[in-house]
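The following block contains the structure, expressed as C-alpha cells.
Should a chain be cited, it is by its letter among A, B, C, D and E, assigned in written order, with residues numbered from 1 in that chain.
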Amino acid sequence: MADPVLSTDGLTKRFGALTASDGISLDVRPGEIHAVIGPNGAGKSTLIHQICGGLRPDHGRVHLLGQDVTALNTAARARAGLGRTFQISALAMEDSVLQNAMLGALGRSGRPWRFFGRALGDADLRARAEDCLARVGLADHLHARTATLSHGQRRQLEVAVALTLEPRIFIMDEPMAGLGSDGSAKLTRFLDRLREEAPILLVEHDMDAVFALADRVSVLVYGRVIATGTVAEIRSSAEVREAYLGEEG
Amino acid sequence: EIKVGMITTLSGGGASLGIDARDGFMLALEQSGRDDIEVIIEDDQQKPDIAVQLSDKMIQSERVDVMTGIIWSNLAMAVVPGAVNQGVFYLSVNAGPSQLAGPGCHENYFNVAWQNDNLHEAAGAWANQTGYSNSFMLAPNYPAGHDALTGYKRLYEGESAGEIFTELGQTDYAAEIAQIRASGADSVYFFLPGGMGISFLKQYADSGVDIPVIGPAFSFDQAILQAVGDAALGVVNTSQWSKDIDNPTNAAFVESFEEKYGRLPSLYASQGFDTANLLISALETAEPSDADAFRAALKAADFDSTRGEFSFGANHHPVQTIYAREVVKEGDIYTNKIIGTAIENHADAYVGECSM
Amino acid sequence: MIAERWLNLAVLAGLLGVAVWARIADQPFTITLTTRAVILALAAVGLNIALGLGGLVSLGHAVFFGLGGYAMGILAFHVQTYTPLEIGPISIAGSTSMPVIWLTAIALSSLAALGIGLLSLRTSGAYFIMITLAFGQMFYYFAISWNRYGGEDGLSIYVRNGFPGLNTLIPFQFFGICFALLCLVLLIGDRLARSPFGLALNAARQVPVRVETVGLSPFRLKLVAFVISGAVTGLAGALFADLNRFVSPTMFSWQLSGELIVLVILGGVGRLIGPVVGAVLFVALEHLLGGLTDHWHVFLGLILLVIVLFARGGIVGLLSRRRLGDG
Amino acid sequence: MSLLDLSALTAAYGVSQALFGVDLSVGEGEVVALMGRNGMGKTTTVKAICRMIPSQGGLSFDGQDLHRLSSHRAARLGIGLVPEGRRCFGDLTVRENLVVAARPGPWDLAAATRLFPRLGERMAQRAASLSGGEQQMLVIGRALMTNPRLLILDEATEGLAPIIRQEIWAAIRRLKSETGMAILLIDKSVRELASVCDRAVILQRGSTVWAGPMGEMTSDISERYVGV
Amino acid sequence: MSAILIIEQILNGLQFGVMLFLMAAGLTLIFGVMGLINLAHGSFYMVGAFAAAAVAGVTGSFLLALIAALIVAALAGAMVEMVVIRRLYASDHLDQVLATFALILIFSEGTRWIFGSFPLYLNTPATLSGPVTLPGGIQYPLYRLALIAVGLAVWGGLWWLIERTRIGIQIRAGENDREMIAALGIDISRLYTLIFALGAALAGLAGALVGTIQSVQVGMGEPVLILAFVCIVIGGIGSIKGAFIGAILVGLTSTLGGIFLPELFKVFTDPATAQAAGASLASMSIYILMSLVLIWRPTGLFGARA
C-alpha cells in the first residue's frame, strides 16, 4: 500500500468540558476520496481546522507527505500542499472572479511582494487562474463581481481557487452544501475525476455524493471515529445507522 | 490707511479669552474715532498650524503692518518669530512666553500684557507678605505650567509641601485635593487656566479642605468666576489689572465696556484695550512704514493705560505693578477687589538674556 | 458621470492651475493655502493606503505625521541653535536639507509603523481603531512633556529648509516640491493597488482566512501596507512642518488623526484621488467659511452632513460611476 | 382568496435584477413548495415577501398590500420566517431566542418544546454553542412562537445529518396535520417535498415557469426545471 | 502615604470610573447594537450639562436640572437618530464616522451660539455639598458618594433592562442580526431610536452630574468621549459588564497612576524630574493599560466579536 499523503495521529481538542476531537487517527492515501461523515456537532469542521492549521490540537500530530506539519501555521501548510475549500464560501466578494482565482495563483507562486506591475498583466498567473476557472465551468464569468454570483457558482469558484494551488491533497468541507441536485451531480462528477490529480478528504452530509464518491468512509461521533470502512460496510453498520443515517442509506 | 491683522481664538473651548481681547481692542479703536485703521480678524481655533497659516495670509496677501491677538503661548511661538522677521510689528495682547522675552526677543515685538511668569512671581511675593511658609503647588504638565511653578518659586521664600503636575485638560482633581488634605500645607498655589481652574475650585470647596489658596488671575477672570460661584469667594489672586484700579481711564473703560457688551470686562479685555491704545498712540507720531520712528513711538508707550502708569523694559515687555485681588460678590456678580500690592514696578526675569 | 482616470487628472490639473494662477496674479497666500491642501492630501493618501486598500482604520496616523514633523523640527533646531544632536555616542550637527529630512522622516515613521503595526494588527475592527488611538495619545503626551524640544509650545524654525537648486522660500517653488511629491506618491499608490501585492492585500482586507489558505500571511501583507502608509504620512508631516516652519504636539493629537480619516471619507475611501479631493474641499471650506461668521463650524458641520447623506462613497464616489473592485 | 398572493413580482439587488415575474399563491392551511435550481430566485422571493428587499408588482397577504409595509409590520400580519442559513441569535440563550419575538397564541414555550423536546433540555444554553441541527430546530421554534398564519421555511434542512433531517421533516408533517398552518417550503429534497406539499411552484431565472398540484408535476417537468 | 489617603484615592478612582461608565454604557450599547461609532456621544454629555445649568439657573432646583438634562439629551439623541443616523444604517460604517464628526461641529458651535463662549454655572445642591466623615475618619465629599451611588444604580438598572426584560433581549438580538429581528416582527427602527435616546440620556445625566463639580463649557464632552471609548474597548464592545469593569479600571488607573507614579519615580531620580516624568507617564497610563489589554486579549476583556 502506498504511503498516505495525509495522516492524523491521535488528534485531540477540547473546548472547556467538551471534547470536540477525541484521539482522531485517520489517513488519506494517494488517489482516494476519504469521506468523513457524522452528526452535526460531531467535530468534523474542528478536525479540518486542525488539519489545515486554524486550530492547534491539544494532543496528536498531523503529517503531510511524511512531514510533521503540526507546528506550522495555515499559510505554511498551504504552501506544503494543502488545498482547502470552506463550508461557508470565503471569497473576496468585491473582487472579480478572475481576481479571486489569481489570488490562489499568486499564493502558489509564493511571490506576493511585488509592488509594481499589474497583477492582471502577469501572464503566468493569469493563465493558471483562467485555466482553473475554465475547468470548473466559470470561463464565461471571469469579470463578474463575486458578490453577484449565485450560491452554486460561488461553490465552483471555491473549488477553482483550490485548484490554482495545485495542492497535493484537497480538504473539502461540505462542498455540496446548498447545491441543488443537478449542481451536486455535476460537482460529484468533477470530484470523481479530480481524485486522479490529488486525493480528497471530504466532509459531506449529502449521502448520495458520499456513497457515489468515497473509497473509504470514516464516521465521527462525539469527536471519536466510531467506524472506518467502505461505503458498503458503513451503510450496513447498525451503529452508524443509529447515530447518523437513520432510515436513509 | 493702516492694516492690523488680529489672529485670535474665537471658536472652541478657549474662545472666551479671544473674544474678550478682541472686544477690548475694538472698543478702544471705536473710541479713538479713527477710521483709517482696518482690522482683519481671523479665528485660529487654538491650533498652531492654523495660526501660522493665517499669519501667512495676513503678511502675504493682506500685507498688514501690525499683527496682534494671539492668546496662547504655543501659538505665539509658532507665529511671532516668523512674523517679526518679515518686518511686521507684533503687539501681544496676552501670550508672553519666556523665549520671546529672553534670547528670542525682537525689536518689532512688544508685549502689552505681561511676561508669562509675572503673575506667578507676584503670587510668590504675596505669599511671603501674607506669611505663608509651606505651599502646596499645582500646575498642568506643559511648559507654561513648569514656568508657573518656576515663577512662583522665584520669589516665594517658604517651604514646599508638595508639587504636582496634572494632566493638561484634566477636570477631576479629587486625587490632588486628597493629597493637599494630607500634606499639612498652610497655603495652596495653583495655576489652572480655563475649565481646569473652574473644576478645581468647585471640587476644592466641596472637599472641606480649608487651606487658603492663591493663584494668578488667569484662573479667576470675569467669565470663570460666574461659573465657579460661591466656591471662589475669598480666593486671592494676582493680576496687573483689576476693574477697581483707580484711574479715570480704567473707570471709563469698565463703564463703556459694560455698556457696549453687557458684561464686565476681564483682564484680557483690558489687555486688548491697552494694546489698541498703544497702537493708536504710536500712530499719532509715526507710520509703520517708517519702521524706526514707529518702533520708537511704541517703545515710548505714551498712552493712558487702564493700569495707570505703563512702560516697557529693554526687552519690550511691561514693567508694571501687580496687585493681589480677592474674589467678592457684588450683588449677583462675582468679581475681584484689590486688597494689596503684590509687587511693584516689576520687570521680568529674562530681560538680561535679551540682547536688545 | 466621468471616468475616474479623467477625474484624477482633472483634480491634479486643477490644483496646479490654481497655484499657477495665484503666481501670476501675485496671490502668495493662495499658493500657501493650496500647498497646505496638497500636503494634507499627501498625508491622507498615505492613510488611504492603510484604510482603503488594507481596511485598517487607523486613528493613530497623527503619530507618523508628528514624527515626520519632529524629524524636521529636531534636525533643523540643532542647526539653528548650533548644538549637536547626540544620540548615544553619535553626534550629528542636524540638517536643513529637505532630502535628508525627508529620508529621516520616512525612516522614523516606517519604524514606528512597524512597531505599532506589529502590536496592533493582532486586533481588528473597532479595537484596531482604539489601539492605534492609544499609541497616538502616548506620543502626544510624550511630546507635550518633552521640554527639550519645546513641549506643548513646540519648536519654531525660522527659515524654511532648503532643496538643492530651488529657493524654497518662494511659495510657488515650495508648492512645486510638494505637488511633485504628491503626484509621485499617487503614481506609486496607483501601481501598488494594481500590483500583485495590491491584489493580495485587497483580499486580505475582505477575507483574511482565504489569503491564509492560499499560503500567504494576511498579517504580513497588512503590516507592510501599514508601514508604507505610515512612511507616506510621515513624509507629509515633514512637509507640513516646513510649510509652517513650526512643529508642535498638536501634530500628534487624535483630532488630527480624526481629521485625516475625515479627509479620506469625504473624498472617497479606497479611491486614488479621494483623499486629495477631500483635503482640497476641507481646506477650501475652512478658508471660505472662516471669514463669514464666528459660528462657521456649524455650517461646516452641515455641509459635511449633507455630503455624507447624499454622496455615498464620498465626492469621488458621487462623480465617478466605477464601483470599487472592478479591476 | 388565498392568504399570500404574488403576481408578476419583480425585484433587484441594486442594478442587477433577480426576479422578473413571480406568480405564487398560498391558501389558508395549504402547504406549497417553491422549487427551482440554484440562483433562480427562491430566496429572493422570500426576502421580498418578508420585505427585506424592495420589489414591485403584486404582493399581498390576507388582502393587504405588503409593499406598503415595513419588514416588522409584514411579520406582524402573521408571516413567520425560517431563513436560509439559520440565523439564530447566537449570543442569546435558547429560551431568549424563543421568547424574543413571541406573540400571543397557541404556540408558546411549552408547545415549542413539545414539538422539539431537544430544545427543552437546552433552554439556558447559548444558541451559538448548539449543534447545527439544534440551531435549525431553534429557528423553527422561534418562528412558530410568533404564532404566524404562514410559515416560510427556506432550506430548513441544509447541512444537517440525515437523521436530523428526518426529525425535521417529521415535525413539519406534524405541523401540517395538527395545526393547519399555511406553509411555504423551499428545499433541495424533492422527494420529501413531494410527500408533504399540496402544490408546487417552480422558478426559472426569476420567473414562475410552472405551478400546480404536486401530483401533476411530472418527472419531465421536474427534470427540466429542478434537475431531478 | 497613609492608609486613609490610599482609601480616599481608591474612592476617587471609583467615583471617576462610575461616571465614565454612564458615558461608556450608552456608547457600548449604540456600538454593540447598531455597529455605530458615535463620535457625537460627547455632545450629549455637553447638551445634558448645559440643559441642567440653564434649568438650574432659572428654577434653582437641582432635581429639575437633572430631569431636564435627561430629557433634553434623550430628545437630542432621538432627533439625531431619526434625522441623520437612520439614513446611514445601510451605508458604510465610515460614513457614520464622518456624519457624527459633523454632528460634533454642529452641536459644539451651536451650543456656543446659544449660550455664548463663557462657562456656565451649575452648583451642587446644598443637601449634598460638603464632606462627610466615613468610618475610619476619612473625610469625603458627600456629593461624590452620591455619584458613586447613582452610577451603581444605573449599572444595576441597565443590567436588569438588558438581561431581564424583553426589550433587552430584543436589543441583544439586534446586535446579532438586525434584519432577522425585523423579519420576526419587531420594530427595529423604533428600538434603535429608543437605544439612541437612552444612551444619550445617560450621557446627558453624566454631563449634568459631573458638570456640577467641573466646568460646564463647550467642548467638555470630547475628552470624556475618548476615555469612554477606552473603557468600552478594554471591557469588550457591546458588553455592559465590560463597560463597567473597563470604566472602573480606567478610573482607578488614571487616579492612582497620577498619584503613585511620580512617587515611584522619586525612588530613582530627583523630585522635580520625577514629578514631570511621573506625570507624563500617568497621562499615558490608561492608554498603556488599553494597549496591554488588547495585545493580551484582542477583543477586550469580555468582548466576543471585533
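The rule is short, and it goes like this: a residue touches a chain if its C-beta (ideal position, glycine included) is under 8 Å from a C-beta of that chain, and two chains touch if they have at least 3 such contacts.
Only a predicted model underlies this, so the values are computations on that prediction, with no experimental measurement involved.
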item: Neighbouring chains shared between subunit A and subunit C, ordered by label; value: none
item: Chain of greatest Cα-centre distance to subunit C; value: D
item: Which of B-C and C-E has more C-beta contact pairs; value: C-E
item: Per Cα centroids, the chain farthest from subunit A; value: B
item: Centre-of-Cα separation between subunit B and subunit A, whole angstrom; value: 74
item: Centroid distance [mean C-alpha coordinates] between subunit E and subunit C, Å; value: 31
item: Centre-of-Cα separation between subunit E and subunit B, whole angstrom; value: 34
item: Per-residue overlap in subunit C, given as positions that touch at least 2 other chains; value: 141, 144-145, 147, 295-297
item: Of all residues in subunit A, the ones touching two or more other chains; value: none
item: Touching chain combinations (by label order); value: A-C, A-D, B-C, B-E, C-E, D-E
item: Of all residues in subunit C, those that touch subunit E in their complex; value: 57, 119-120, 122-131, 133-135, 137-138, 141-142, 144-145, 147, 254, 258, 261-262, 265-266, 269, 295-298, 300-302, 304-305, 307-309, 312-313
item: Touching residues (chain side subunit E, partner subunit C) in the complex; value: 31, 37, 39, 84, 87-88, 91-92, 94-95, 97-99, 101-106, 108-110, 112-113, 226, 229-230, 233, 237, 276-277, 279-280, 283-284, 287-288, 290-291, 294-295, 298-300, 303, 305-306
item: Touch list for subunit A against partner subunit C, complex; value: 52-54, 73-76, 78-79, 82-84, 86, 90-96, 99-100, 102-104, 106-108, 110-120, 122, 125, 143, 145, 161, 164-165
item: Of all residues in subunit B, those that touch subunit C in their complex; value: 10-11, 15, 42-43, 47-49, 52-53, 56-57, 60-62, 73-74, 77-78, 81-82, 85, 97, 99, 141-144, 146, 167-168
item: Residues of subunit E that touch subunit B when the two form their complex; value: 1-2, 4-5, 8-9, 12-13, 15-16, 108-109, 112, 117-121, 123-124, 129-131, 139, 141, 143-144, 210, 212-220, 223, 255-256, 258-259, 262, 271-272, 275-276, 279-280, 282-283
